[in-house]
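These notes open a run of structures that come right after.
Two complexes follow with chain A in common, the first pairing it with chain B and the second with chain C.
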Partner chain A sequence: MRILVCVKRVPAPGARINVTADGQTVDAAHLGFTTSPHEECAVEEAVQLTEAHGGEVTVMTLGPVAAEEQLRYAASVGAHHFVLIPIDDVDWDPQRTASALAEAIAAVEETNGAFDLILFGNESADAGGFQVGVRVANHLGRPIVNGIKGIEIGGEQGGELDEGVATARREIDGGFEVYNVPMPAVLGVKEGINLPRYPTMKGRLASKKAVVDTDERTVEAGGQVRLRLHRPVEQISETVILGTGPEAAPAVVDLLEELGVLS
Partner chain B sequence: MSLLVICDHDRGTLSDASLEALTFGRPLAAAAGLEMAAVVIGEGADAAAAGLGAHGASTVHVASHPLLTDFGPEAWGETVVQLVRGTGATAVLACGTDRGNEVVAQVAARLDQPFVANCRSVDPTGDGSGNWTMTRVQWGGSLLEDATLTAEIRLVTVAHHVVEGVAAEAPASGTMVSFVPELDDALARTVVADRVVLTRGITLSTAPVVVGGGRGVGSAEAFAPLEELAGELGGVVGCSRAVTNNGWRPHSDQVGQTGTRIAPEIYIASGISGAIQHWVGAMAAKNILAINTDREANMVTRAGHAVIGDLHQVIPAVIEEVRRRRG
Partner chain C sequence: MVEPPRAVSQENNRMSDFPTRANVVVIGAGIVGNCLVGHLARLGWTDLVLLEKGPLPNPGGSTGHASNFIFPVDHNKEMALLGEQSANQYRDMQMSVDSGGIEVARTQARMDELTRRMTSAKAWGIEAHMLTPSQVKELVPFINEDVILGGFHCPTVSVVDSLETGTTMRREAIEKAGCQVFANTEVLDIETAEGAGGITTVAAVVTDKGTIEADYVVVACGVWSNRIANMAGATIPLVPAVHQMADVGPMDVLAETNNEIGYPIVRDMDTFCYERQSSGSMEVGSYGHRAILHHPDEIPSNAEAALSPTEMPFTPDDFDDQMETAIELMDMLGDAEIKYAINGLLSLTPDTMPCLGETTEVRNLWSAAAVWVKEGPGMAQVVAEWMTHGYPRVIDVHGADIARFYDQERSDEHIWSRADEHFIKTYGIVHPAEQWEGRRNLEVGPYFSRQQDLDATFFQARTWERPQWYGVNADLVERYGLAEREVEWDNRWWSPITIGEHLNMREHCGVVDLSSFQIYELDGPGAIEYAERLAVNKVDVAVGRSIYTPWLTPDGGFHSDLTMMRLGEDRMRIVTGVFDGGRDEFWTRRHMPTDDSVTFTNITRQLTTLGLWGPNAPAVLSQLTGQDLSQDGSPYGSIIDAEVAGLPVQLFRISYVGDTGWEIYTAWENGPALWDALMEAGADLGIRPTGGGVYGSSGRLEKGYRLMGAELESEYNPLEAGLARPRLKAADFIGRDAYHAAREAGDPEVSMCTLTVEDQTDGQGRSRHMMGGNEPILDADGGRIVDSHGRVSRATSAGYGPSVGKHLLMSYLPRELAVAGTDLQVMYMNEMYPVKVASTGAVFDPDDTRLKG
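After this line comes the complex of A and B, so read on.
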């Protein structure tokens, strides 16, 4: 099977996120970059599915030229083909991002046929727009379900096992929902679907030789415009130290009683 | 012209998130000069719809169709789209739960309109030229974004836990109107096929007490006292990302930006340093008690209360004290 994964390069923040002076983006001067966590799991899931069922994984990203680093990382953990849609350093809005991705996907599919499965992260770690995957699926006329924490190929359709169906599990409070989605399909994946592997030495070496295709797209901006980013005003509260070590237990239980959780 | 609020429910019981959306929607509709309407979809919708007048909805659309008995993002999205077209709604609002954001994204894709997710505040008078302005969350809430929205139909969600869901001071009529959308059979492809319940009763997102453990707990086995304390307090155990990455706990126990957002009466965060991704999942807790050997740990400095010490000694002592007082 052929699987496409769309990933986003995001800063790897520590305890605090700073913003550039113009308020347009995160000040990454002292930060490393990573693949947005849900998408890192999506890449791992795609690699596992092709290991089990055969096939190839393509990874696509819309981002600054430096996002090639995230594509090469995907190569180091087993992905096969790579497409970069280069943009300037500041995020594109969700509509614009989705249109560019949909066009680029259509271009790849025109040559190679439709992907059986396209995986997105449920939402990006930074902008968190919760919509790019849904918009792309809609552009392509394919089904999509978000929040997926389990995928199996083959599912019951009309009482019979159908190899053309992806069975997807979505976590809900206290359990999960099951969807039988006919492929080609799009799924929004969440962290926890797997534990992503670390690259092997062999993988790292292979990633250096990986060929990254560049696909420039000119797309109109959408209706959501960023004015500025800023840090929320933190409510600075003095921490009440109840004590040190086990001797603090009575003070802790006093607090629990006061809050009424010790019924 | 109306603001349409999408209300989610579980077999007739409205979710807290829906009440938050209605509470957020009332002043928004008033400031935008719109009537506030609501839509409730699927089995049990009638029961859920009945109380919405008290929350300020003047019209409550009750959508039903064989494809709407259980959740399906495409069928739900298409239903809202048809309702928007049929009623001339100029704005749609939902609470930014996974489901809320997914359904509004479906609406946005189908209407080809922008969608601003997880707002903390929305100003419909905006920049004076008809655009709305808003502040929305990025990085799960550790960063804010001011944005403008230019659209024919404004689609927004309000971030979960930004407001508390309360009834309207002046109830509205809550007139129920049934709505049957025309849905293509093909949309069955994304309707829930099966539902598996793993735990009944309290869960991480609803528990009044969460006892959280981080890297400092040290191993899967060392979570036993945390389980015991949670059991004593009628709560559940949560954990940090470091813990799930180490395979000590399942991901469904993870509190944080990529895990579960919790909002308990008290969160007891033990051996957790408080990385930003964890903090945003815990910050809606009404009270936080940090137990940590490091007085300067983020979790300690941000918590209302703290015990400086080794959780492996403190937690058993707390369990003992709880039992002693109960006799």
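After this line comes the complex of A and C, so read on.
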């Protein structure tokens, strides 16, 4: 089977996320970059599905040229083909992103045939817009289910098991919704669907040889405009260790008295 | 409403208790700061405060991500002995496990280096064995023995718990001395004040929790140290640099040991990597990537860091080559998952050595920085002892003394350039005489262009360029029938021309550029009294006379050896070597009276010095001066104002090479004219420009002249070095009580000796040349020679003595062995060579007739 996973290069933040002075982006001076965690799971899921059912995984990203690092990371954990849609450093809005991805996917599919599954992360780790997967599915005229925490190939269709159907489990309060989705389909995957593997050293070295196709797209901007990012006021929650063992007891009593719990 | 509690350390210091003054504030609670407060408490210090910007027990500095292993063998004595000292402290606290370690070689050059490691292991008394590839495999079954030629096994390589050790030492300080500990406390400024004598002195530490007035402040801030010191106007020359490390696993063969470490650590020296088991995983660390240096401001805060401030984002491209070679060595690593990988930060200094001691810029502001986990506890002890006793007792640390740096060595440009150059040498094979490539020609003498024209090969002494030999003298090689050395290692950074220059000087004469001399003057009504206080020997001599004298530490060991010249009633000149200039200037300033009775001036760049020596030296000089040059008119040790070639000079009758002649001092701008005049006058008398190979090595060794930092260290006293005068002077001086006690104790336990190598032939029939790199002197059975203080006999200097036809070594020996004719052995590159004690003095012209006759 043929699976496409769309990923996004995002900063790997520390406890505090700083915003650049112009308010347009996360200040990444001290940060490394990574793949959004949901998408990391999507890549892992795709690799596992092809390990079980055969086929190949293509990973696509729209991002700065440096996002090649995330494609190679996907290569190091078992993905096979890679497409980079290069943009300048500033994020494209969701409509524009989705249009470019849909065009690029169509171009790949025109040559190599349709993807059985297109996996997105449920939402990106930085912008968290929840839009791109849905918009791409809409562009391509394919069904989409978000919030997926389990995928099996083969599902009931008309009372019979159909290999052309994916069974997708979506977590809800108190249980799961189970969708039988005819492929080709689009799924938005959530962290927790699996435990992504780490790359092996051999995987990392092999990834250096992976071929990354570049597909430049010129697409008009959509309607969403970023005004500026704000960092919320930090909720400082500090911890005091009053001591260890029995010696801590007086300090605990003091504090309880100070708080008015004891009188 | 009750104010919410604020974060404090587990040691329970509440912010309401934040002190307003303390005796000592130590900044930084990594392995060094923690051990330092512990050692200060052991030495009786009280009123201590330990500040830490991050949380405890792991504040986020380099200690927190260290690989925590100690390979005890090092060619450098300070690093080896302080590493051993540290390993023992970890052991005493039951914070270490002896995992053993193996350095493997993939090349013949590395195999040779491992034989040198064996020699250093012998010197320091550390068990070590050479292994064949199959023997390596017996200890490390998952190694690919086909890619290695052999290994160097050290069973006492240990793995330590540096965080827990720090916690233990910190708690000891709390229990013993009531040390107050404040974590999550950021230092914002260090205030100074004008102390006695107008000296800039540390006054207070300003933090985000309040200001603490302090008598002493110690910067133990690892990679942040220079930034913190800068707050007070001081410098700690180090730069944060990346050491990459990846944790890969799990692997069954490791997990099955059920141990943090069950296999020896492997250092794959030729690929600059190590593989160190950590439970079921392997830590693969690299010193093989490009040097990645950071400014302290580029280090994130604890809050901003994804992992910790000093675990910066991994840059995998820099690690790929190391992965390939690691898999080559241990195939199982290839299929192991990379679970964690960092660009870990550590501290690098311009010359690879730590920064210990009081800063030169701010009194009572101390540095305990550029110290790695492997030497942390020992170096903390050094600093604690230094603060307590005026100089460390555990070992001499002239190489780590922060005062060694000249101003140019403290600039970011210099620090970065040198760190960039030497990072790759962390696991490199570094020749003892190896020269730097970058940052050259920082200081040159006034003859530099002439020396370049004479095809000089320059060696750099700290910042100063000094000709080591002159290519123009290549004809002397033929004249004296000299040859290159047989083994490339012995021949590296060496030339037979230097022997030619030596023999020519002994036969005719030579001119030596001594511009790198560091020259100071003390002036004022208290100058002579102060000079007496510094010097062992009586320096209150007649105007125009000079004294060669040791300066001692308070414990009576060598701090310096130098020449002091009485130039006037209230004026004393001090001349010392370039390697010790920084330390000696600081020592001189540090002990100055604060009553304005003495002024200190550094006139290094005002005066240049040429040495003119050899039997023809008087004949050359007499053509240029009317001064009476006889031993009566210009007696040994005298300094005389004179005119040479129409230039005002001072003629100092002295010699460090064993032939008669003078150090001629003149104004810097007159140097070239003096040089030209001497060369012209000596043209028919065999004069040759003569390099440092003669001055610092062959000439000196034949005369048995001791060198600071080699023969002379704080662990030895003048009696042992053979430099004691018959009488102890009446005036008080630093170290007098200890020196007096040593004299009263009778004959010294050891004596400095010159030994001759009786046969230089190695097992392959090649002639070898020891270099004075601590090669151990051994008894007839190959046993180490160690005195009751634990001091080991080793070659402190070595080199060929052309005029005596023997390779010479210098070493302290126990008194019963320090007798001419005693047969001993020396180990070099893991082979034994017979040596014989020649003298406790000079082997050439022992009566000094060539100097004074």
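In the analysis below, the second predicted complex is superposed on the first by the 233 of 263 C-alpha atoms of A that agree within 3 Å, B and C clash if a C-alpha of one lies under 4 Å from a C-alpha of the other, contacts with A are read in each partner's own complex, and residues count from 1 in each chain.
Keep this in mind: contacts are C-beta pairs under 8 Å (C-beta built on N, C-alpha and C of every residue); 3 or more make two chains touch, one makes a residue touch a chain.
None of these values were measured; they are calculated from a predicted model.
J.: Could you look at A:V225 and tell me whether it touches chain B, chain C, both or neither (first, second, both, neither)?
T.: The answer is first: A:V225 touches chain B but not chain C.
J.: By the touch definition at the top of the document, which applies to A:A127: first (chain B), second (chain C), both, or neither?
T.: Only chain B; A:A127 stays clear of chain C.
J.: On the A-aligned overlay, A:T244 touches which partner chain: chain B = first, chain C = second, or both, or neither?
T.: Both: A:T244 reaches chain B and chain C.
J.: Return first, second, both or neither, reflecting whether A:E56 touches chain B, chain C, both chains, or no partner chain.
T.: neither
J.: Who does A:P182 touch here: chain B (first), chain C (second), both, or neither?
T.: After superposition on chain A, A:P182 lies in contact with chain B alone.
J.: So in the superposed three-chain picture, is A:N146 touching just chain B, just chain C, both, or none of them (first/second/both/neither)?
T.: After superposing on A, A:N146 lies in contact with chain B but is clear of chain C.
J.: Specify the partner with more touching residues on chain A, choosing between chain B and chain C.
T.: B
J.: Taking the superposition as given, does A:P13 touch the first partner, chain B, the second, chain C, both, or neither?
T.: both
J.: Kindly classify A:D213 by the partners it touches after superposition: chain B alone (first), chain C alone (second), both, or neither?
T.: After superposing on A, A:D213 lies clear of both chain B and chain C.
J.: Which partner chains sit in contact with A:V253 here, chain B, chain C, both or neither? Use first/second/both/neither.
T.: Touch partner of A:V253: chain B, not chain C.
J.: What part of chain A is shared between its chain B contacts and its chain C contacts?
T.: After superposing on chain A, chain A residues 13-16, 239-244, 248, 251, 255, 259-260 contact both chain B and chain C.
J.: Give the list of chain C residues in touch with chain A in this complex.
T.: 2, 4-10, 12, 184, 246, 248, 298-307, 312-314, 316, 320, 323-324, 326-327, 333-339
J.: Within their complex, state which residues of chain A touch chain C.
T.: For this pair, the touching residues of chain A are 12-16, 18, 29-33, 69, 197-202, 204-205, 208, 238-244, 248, 251, 255, 258-260.
J.: Residues of chain B touching chain A in their complex?
T.: It is residues 71, 73-74, 96, 98, 101-102, 104-106, 108-110, 112-118, 133, 137-151, 157, 189-201, 203, 205-206, 208-209, 233-235, 244-245, 247, 250-252, 254, 257-259, 265-266, 274-277, 287, 289-290, 295, 298, 300-310, 313-314, 316-318, 320-322, 325 of chain B that touch chain A.
J.: Which bits of chain A are touching chain B when the two form their complex?
T.: Touch list, chain A to chain B: 13-17, 19, 26, 37-38, 93-95, 98, 122-123, 125-131, 134-135, 137-139, 143-147, 149, 155-156, 171-182, 188, 190-192, 195, 222-232, 234, 237, 239-253, 255-257, 259-263.
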